[in-house]
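Take a look at this one; I'll ask things after.
Just so it is clear, A, B and C label the chains in written order, and each chain counts residues from 1 on its own.
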Amino acid sequence: MRTIVIIGLIGLVVSLFTVGSYYALFRYRTFPPAADQPVETLDVPYMERNVELNERGAEDPVWQQVPGKTLVLTPQVTAIPWGKASVPEVTVAAFHNGERIFFRLHWRDATENREVGPDTFTDACAVMLPLVEEPQPNTIMMGFLEGANIWAWKAARDAQVWGRERATAPAPPERPYTDYYYPLEEREVFPIARESVASAVEDLIARGVGTLTPRAHQRVQGRGFWKEGTWTVVLTRALATHEVGEATLPVGKTRAVAFAVWDGAKGDRGARKSITEWVRLRLWPIEIPAGAAGK
Amino acid sequence: MRDGLVLGLIPETWRFELTQFPWVRRLLKSRWMPLGLILFNVFLFTVILMAGFFGGLTSPGNYNFGIMIVWILWWVLLMTVLVPVLSRFWCTMCPLPFLGEWLQRLRLFGVRYERGRNLYFGLNKRWPKSLSNMWLMNILFLATTFASGFFTVRPAATFVLLAAIIALSVVLSLIYRARTFCLYVCPVSGFQGLYSNFALTEVRVKDPEICARHKTKGCVVGNERGYGCPWLLLPYAFRRNTYCGMCFECLKTCEYDNMAVNLRPPGVDLLVDEKRGLDEAYKALIMLGIAVVFFVTFQGPWGTLKDWANAATLSGYLAFIGLHASWNLIVLPAIFLLFTWVARRAARQAVPLKKVYVNFSYATVPLGLAAWIAFSLGIILPNGSYLLHVLSDPFAWGWDLFGTAHFPWTPVLTGIMPYLMILTLLVGLLFSIDIALKIARQTFVEPEAAVRDAFPILGFLGATTFGLMWLFVG
Amino acid sequence: MRGQELLAVLLALLATVGTITVALWYDRSRDAGREVIELLAIQPKNGNWQPSEIRLERGRPVRLKIRNVETVSHGFALPDFGIGIAEIKPGEVHVVDFTPDRTGIFPFYCTVWCSNEHMAMAGRVIVTESVARASSNR
């Protein structure tokens, strides 16, 4: 009798141990790895075209001919302050003509915010090109570590530069310009932008979060139009580079690019923005027409 | 150094009886001692097991109560205080065999005693003679260290280890008599036994004359006040701490109050030439070897080795096991064999090589202990502050019992840590040299030539010390 | 003797069964009246947030226990409800209480550069009017 009880007890202990260990070991199973996130590619075909920085240019038929891409945006939540609201997506198209590159960014925004002031923020968008051709994938904020060239278009600057030309709206009244972000929050890392109204697009360099610096030579042009709840912004720069801080755009090669969008009405400014992941920017080679090749 | 004096300072026979104080004696004779301590540790280990059980396989260790208490606090306490000072005092209060012993005795507090013997539930079999040594513990401890890379990072691994020890202790307690599990199986029992020979405390007979005249020997067979020695010793006669679990039963059973707990000078049991064996020699070398491996792997600058030990890849892990096992079982014992062989040649005496080997292995014990103390400093000083975190949130459920759940990581004294480590090693070396010289005099016939005979062993000890120092500083 | 034996058994039970019961009861009482969801922070290549979709009911208080089960730091941001934890260290658990006050789909993200795939470490909170709960990981 005692032997049976003992055998039973041993069986009980061994099974308790087995069940307990199994539960402890496999409570947090190793989850199946998520499928590799595909890296989007944005094709930049060669087109023997030039678009003007005006409303016609923004709606130019060339934009229908180039393969655009709709990219997912997520709020920036790596550096403080984090993005709060989010613009869900931005559609980007681009081409080059052997001399210049043109980007067109297109996103939904219910309100047109072209003014900055206390607690008023401007809509904006930016193109970021790392200063190395192949940065680590997905390293949006960290990509700064190797340095990046950023083309920042702001609706407020746009109004200053292009305002007089605009027929639909009068030029904004003359008053002190405040391009720094307000209210300045604790831990918020911003430069106070240097005044420069030569272009609606500011040509910036950065190396790490909080080091945004305007370049000495501003070479990027751009203009934005808001119509029926949608922003359309065209940015352009010569392909050739003059200085180290300028991103190279090697024709026939692929390099990285990322985009960001700010919705001023929802309080976006500075690091409070929506961003894409790295996108592969494939610049097509200059096609020599078949007839010319034979000569 | 003169015979009979530890480090030439304290007589080896010097003792200070702690049980001369009535309150100490009363305490140790109470059946609540060590039961009270065990019950507290049962509570503590229940929390530890829960933390391991809920901690999962992948949670990092620094925020897990089980890992922090077992591997940071307990292991360090064991190596720095419990073993070197208090001998097997951990075995006194160890909660792991609690269930097994309860089942054996069917009593927690009381004593079952009828017709001249204690009553036990269980089959009460004798452990095989061939396994009544340290070999099984040597292998099990070495095998446990194969998984050392997991225990500190995977709470579930610690849970499985502790649960396995508890389950095995219950099973063996039901089949074999008394503390067979603790004596011959428990992985941490072996080194505690060997290193306890160095300890500052002991349980011993006061006056052997009384025992010689006393026939009933309650300390062996038990009586209504307590159980016969659960560690299967003859309390009236044993001379080394190795297998004394300090359960204090003999203090309770002795009718003449002839058992005592003494303070004594360190290391004296290492000189007792009684039941020495190759199993203990291997234990001494394995402990030294594992200390080296742990240093190189977990505190050294070689990240690859750590990745191997943590099983980042299967081949790397197998390489770690292979290197670890062959170093401890073959390479280090072989190196030591070389030194003992030279020592025997130098002594030009017809002493069996095995005897020379076994005897001198005890000289490595103080150094091995020092290496482990140094290793422990490398654990507790940088990581001790995590303890505050796990006390407030033991199960990582987001609790904050004492407001210290988010206490930041604060290393303590890490600036002077290398010097503390070196000092510890030097003290260990000093004791090892002292023991080596005395063992040379014991082993060889010409006591005058002891220094010459021990020279190769001193060389081994010195080289090991400097090797370890290089590991700490470099 | 008999009384002390009983006391010892009682203490043994308190130390084991009692400890477990009190711990579980205390943990439960802390969460009283709230829906509790355990969210595991895991980098994308190891499986991403678990669960990656959290279904909630509008107006019902919820408690997220965000546990980092990895050896790298993570963070948590649920921008639409203004919830953010700058850093959750390896092994740490952070508790977030909130009551979803509107319906919709709201993404949440990791906020610490945890790996090359950090940007993909995202999940979503789906708030509906009535209960159509799929999983509440507990």
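The rule is short, and it goes like this: a contact is a pair of C-beta atoms (placed from the backbone, for glycine too) under 8 Å apart; a residue touches a chain by one contact, two chains touch by 3 or more.
Every value quoted in this text rests on a predicted model; they were computed, and no experiment measured them.
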Chain whose Cα centroid lies at the greatest distance from that of chain C: B
Chain nearest the overall C-alpha centroid of the shown protein atoms: C
Whole-Å gap separating chain A and chain B, where each centre is the average of the chain's CA atoms: 61
Rounded Å distance, chain A centre to chain C centre (Cα mean): 32
Chain centre separation in whole Å, for chain C relative to chain B (CA means): 40
Sequence positions of chain C contacting 2 or more other chains: 69
Shared-contact residues (touching 2 or more other chains) in chain A: 28, 30
Of all residues in chain B, the ones touching two or more other chains: 56, 58-59
Contacting residues of chain C [partner chain B, same complex]: 1-2, 4-5, 7-9, 11-12, 14-16, 19-20, 23, 26-27, 30, 65, 67, 69-71, 89-95
Residue numbers on chain B that touch chain A, as the complex places them: 52-59, 103, 121-123, 155-156, 159-160, 163-164, 166-167, 170-171, 174-175
Touching residues (chain side chain A, partner chain B) in the complex: 2-3, 6, 9-10, 13-14, 16-17, 20-21, 23-28, 30
Touching residues on chain C, where the partner in the complex is chain A: 40, 42, 44-48, 50, 69, 75, 77, 79-80, 82, 84, 86, 107, 109-113, 116-120, 122
Parts of chain B lying in touch with chain C, wherever the complex brings them together: 31-32, 35, 39-40, 42-43, 46-47, 50, 56, 58-64, 98, 102, 107-110, 153, 393-399, 406
